[in-house]
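Common to both upcoming complexes is chain A, partnered first by chain B, then by chain C.
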Partner chain A sequence: MYPKDFEYHSPEGIEEALNILEKNGSEAKIMGGGQSLIPMMKLRIVAPKHIVDINKISSLDFIKDEGKRIVIGTLTRMADVEKYEALRKKVRIIPECAEQIADPLVRNMGTFGGNIAHGDPNNDMPAAVLVTGARIVCRSKSGAREIEARNFFVDTFTTALKENEILESVVIPVSRGYKGTYIKMERIAGDYGIAGVAVWFSSDGERFRDCRIALTGVGPTVIYAEKACNYLNDQRITREAIKRASEVASQESKPSDDLRGSESFKRKVVSLLVRRAFEVSLKEVGSEP
Partner chain B sequence: MLIEEERKLEKPLPASVRFVLGRGKYVDDIFFDNMLYLKIVRSPYARAKILKVNGEITGRELSASMTSVGEGATERKTRVNYPVLATDYVSYVGQPVAAVIAEDIYEAEDKAEEVEIEYEPLKPVVDPYKAIDSEPIHPNTNSNVFVDTKLGKDFDESADVVLEERLGCERIIPNPLEPRGIVAHYDGTRLTIYGSTQSVYSWKEGICSSLKLSPEQVRVIQMDTGGAFGSKGGIYPEYIVAAYASIKTKRPVKWIETRLEHLQATAHGRGAYADMKIYARRDGRIVGLKADILVDSGAYPVGVAPWAPSWIGYQITGPYAIEKVYVRARAVYTNKVPLGPYRGAGRPEAAFFVERMIDMLSDKLGKDALEIRKINTHEGKWKSPLGLEVNDARSFLARAARQLRYSSLKRKRGFGLSFFVLIPNLEPGESARVKIQDGIVRVWLGGSSHGQGHDEFARRIVSEELDVPMEKIYFENSDTEKINRGVGSWGSRSAVLAGAAIVEACRKIREKARAKLGPRFKAEDLLSFEFDESVFFKPEGQLNSLGVNVVLATKDKLGFGRISKIISYYDAGNLLNRNMAVSQVIGGAMQGLGQVLSERAAYNEDGQLVIGSISEAGVLKISATPDFEVIFDREKSRMPHGAKGLGESPTIGVPPAAIRALEKLAGKWFTKTPLTEEDILLNGG
Partner chain C sequence: MKVKVSMVVNGEKVERVVQPRMLLVDFIRRELRLTGTHVGCDTSSCGACAVLLNGRAVKSCTILAVQAEGKEIVTIEGLSKGGMHPIQKAFVEKQGLQCGYCTPGMIISSYQLLSSNPNPSEEEIRKALSGNLCRCTGYKTIIDSVKYASKLMRTEKRK
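Let's turn to the complex of A and B:
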């Protein structure tokens, strides 16, 4: 429970941070809220030689409402994401997901970008940003690039981020008429879920359009339930269609047996959550199936 | 807290206020200038031969053994030696094998990584039932079964209904918020120990015995203790190593357990199973009960395991008047951390076993939960064939039913009732010391608080008995130097026994004061003299009390059963402090709920603990709290202050009622704790 020796850097600007990354390559790790990194260091699961604490780089702590898109800086605390009004109004799935993460203590420290950059399949935010069609802005000394959230999550604890890159911000498109929510099922409140489900879709009142479903905690990374989405697109909004889609999504999940439950149970939970997420979302607009 | 410091605050503060103000002083708050930090190197295997150990402190140098002290300690000699540091073989994941000391804890952690140990892994024995016939885990024994006792007389019975079931309470990790810790300080002649403990006396006994020190050489002082639940009453290898390291270096040595060490190496609780068989008449009257109890002792016999099987057996009839009882009680070694007492220590297990059977019988016979319990109770005094005394169970149950509005509650679908007996651990008594000097009163007990707030009742009794205002009364934690003899705080005993000892000490002071000051003296007079009385209070007979729980469950939006309300109706005797009593009941109810819903020390077939955090251990959080209603039946006891036991009642009564409430919703029988989420997903979702 005591980390190995490391050198601590506390840059005040992004350039300085990028220089340290450039210089130390795989031996450097960025620290945001430290809520995932510090426990792993204390258990000596990871032992980075250089810690680059970005908390002093205030230019990374922002939420900007640009009308058609909302940009969230990596250092924005989960607790601020949860409370940001414009997000509530325009992309409610994001704050709804944020408020289900861990407990207030963790959310006061944990950052929006850290939750995504960590690449933990049990982290909740990846599913939510994925279904909104967000893009992840990564910056290195040679400039910034944007990665589709769908292409960002490579494997457990592995993302498309390069060693010399910082996740700078996340760009969330504001899509008018889209509904959806994030729901997770926990064994112990404030813990990682047994499974979590993000749904985001549009409709013409009668039929589903552009459905997106993503699953947390039931595979090596967040899972985009493509088949379930394809099935549901252009289907009439009915209980049966939702049920069918929930079963397809459950088949697309790849859970494993562990403390949180058996594989088959987790599949059951996925289908329950998908159904519930659609029901809750549809209730909002008064077009109950 | 040390009195010198507290006096600086002028008015003595209740411990609860001190803690909220951040003025608690725990063992990890102790710093000495030249202090060393100890780190224990532990076995990563459940079972292995040790081929080689190269480290700073090893079992070759410190070749000492553990003794059994504290709650449920046994004098029985077993052939199995529990080494402080393993030398030939290891028997559980987390077993201490070597130790390092360093100037700071980071350095100690690094040094620990350099200790070289070679193991030859062996196939571990994990499942307690399989352990019965498996190859013995200890080379000098011929079986893993090391306790096999029979209680009562075997009988033949042809009853209308015979019901058989295997029931179990899986192991639980105690998980107090403050893990274990010790500072050992040897000054060249004497060893002073500061600890997070339930008993300074067991620590002293254990350390003296392992290190062959005389009692005069050792003083043990209890620091503020942030929870224990039974796990800090006994002695552990780490304490012996810390004491040894301090003697060796003549420097203070600190060891503070990490959470991961706590999960692996602090004695687990529960871990008891039973094959139950009841014989009943069609009207629900139980005419006979047989139980075959198996306790998963873990690797060594130092905890409660040698005593637990027959202790569970002794109370297997609960509050019921069952005429024929026969128990076989066994304990087996397995490759797990030794079993220890855990809030209730045998009582919750016994209650779970008998209450489960009664509920299942009620289903079988279509009987109401209260009716079937009532028909099995006795009015007046009842002594079970195994010696358990229960008084007026029938009228207590009737009072409880009235108070709880049973007839309207039972209409709910997710409804569970339990009825139980609490046996406080009175043996061999407990001590208190009351001292008046310099215008203030100081009080010490043989066993102090690990979160219950002993200071509240102790100061109140002193105030009432001596008629001295509360702000003149200081409570100090236990210290072997301050009272010579004492026991410890566990088994719902402190308010009853230490409370009675305070009453007697105060009465002695009054007597002496009367002799000195005449019959009508005032508090000021008393405080201007010096008095000092220590009393060891020895109770006679049993002092069991009764309790009833009702638990309600409902179905949540996703289709899972959830506990919505816990109602307690407990006989707590004369309540010394209602707030503290209610807190005990609510905290204990949450623990009982944790046992049913999630708490489990899960091992895989390699004997690896698969729990890596307090969260994974299943400890419930505040958001899981249901509604509570706490009602006390305040029948005064024969103690001078009328107190009865209470602290363990909720962990006894809540699990059977909670599991029943969920079972009713699920429509299938549940036989063990904890349930899985899958169990409480109702009608397939």
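Let's turn to the complex of A and C:
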């Protein structure tokens, strides 16, 4: 299978890339790892006239530990996110999510920013960055702006990114005392999940504080389970509270029937995964419910 | 519009003029006539097309040839330049194949694993090969082959 013919650009600096985007508007597509874009081009689901390959812009490939925040450049490969020590120590949900994405071959190419910019509700990283309270840095010729991850995902394959913007980096706050994890259930190894769940919360040992729950693959975009979070905040850490929250989150999901399962099955998976994610996270710090 | 692309494949510099939409796997198979790299599913799922791109195993059906500009590619032919590679020997010895179609990809992924982790656990082997599908063996003999390869490589000290 071949993609439709296109003009190929491989700018070496971000300015040059932004000029090409400015000039070609909706006819241009940025290429990161190409692990979502190339399959779609081969199937002719999309046929951009201009491909702007950003892989030569080495200033976009970095992870910076700035103490209170970790900044991840868009071009960082998932395989590198997975192994980055400071992330493991400080915001482990990010590498824990990374290692569950696709398979090692895809993760060697696929980029951190591409997984977020794509706006695919089945991409796993959006839920993980969302619960950490990350901000997405987007740059156009008129400068950079930061968007809260919670406001970034608009609809299926639609994000707050404008045609003339590049997702430059993602800023992940390091919140002391927070715990949580990302888990997904797959039909087969290396696949997108039937559903995925990110949880991130703090606690005073007795009660939940500032709970955040996000769901993958069960709606038009990643879903922030706000009602479940509101319910859990200030609740005592008990099995019953977690169970109740998992049911609320399941009601907040909007799955549809497809090859990965029926709507009702996916709702059950969501509730199971929410429960499991809390139990796993609490077990690790020894405050089992 | 065609563009010039040059890269190092199995240690040799190659240069061609190609359409930007040409996939790396087609560049390798059709332009360079290196047919050890296979096209299995052509939909990014099976890993039969795996090659090393600057030392990392990737799916060459999901990369444009132009993206490999200036990079180093190693295919299965490159691994066996000095005679059969220990991983290949191990796959023969332990019958890590039946039809053989997935084998080049399996070996490329195993190679990346064993270069960074000379003595992997079964769990680590399974994870490292999770992007490579085999429709014959049921994977058991493939895992055995990789374990055996790690032993051979540690004793032969060959990379």
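Here is the rule we go by: the second predicted complex is superposed on the first by the 289 of 289 C-alpha atoms of A that agree within 3 Å, B and C clash if a C-alpha of one lies under 4 Å from a C-alpha of the other, contacts with A are read in each partner's own complex, and residues count from 1 in each chain.
Operating definition for what follows: a contact is a pair of C-beta atoms (placed from the backbone, for glycine too) under 8 Å apart; a residue touches a chain by one contact, two chains touch by 3 or more.
If you're wondering where the values come from, they're calculated on a predicted model, not measured in any experiment.
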Which of chain B and chain C A:189 touches, first, second, both or neither: both
Partner chain in contact with A:140 - chain B first, chain C second, else both or neither: neither
Touched partner set for A:175, first chain B, second chain C, both or neither: neither
First, second, both or neither for A:202, with chain B first and chain C second: neither
Contacts of A:34 with chain B and chain C, given as first, second, both or neither: second
Partner chain(s) touched by A:1 [first = chain B, second = chain C, both, neither]: both
First (chain B), second (chain C), both or neither touched by A:79: second
Which superposed partner A:108 touches (first chain B, second chain C, both, neither): second
Chain B/chain C common contact set on chain A: 1-5, 43, 103, 189-190
Parts of chain A lying in touch with chain C, wherever the complex brings them together: 1-8, 10, 31, 34-35, 38-39, 41-43, 51, 53, 55, 79, 102-106, 108-109, 189-190
Residues of chain B that touch chain A when the two form their complex: 105-106, 108-110, 258-260, 557-559, 598, 602, 610-611, 615-616, 618-624, 676-678, 681, 684-685
Contacting residues of chain A [partner chain B, same complex]: 1-5, 43, 103, 185, 187-191, 194, 258-262, 265, 268-269, 271-273, 276
Partner chain A, residues of chain C touching it in the complex: 1, 3, 19-23, 42-45, 47, 50, 53, 56-59, 62-64, 66-67, 69, 109, 112, 127-128, 130-132
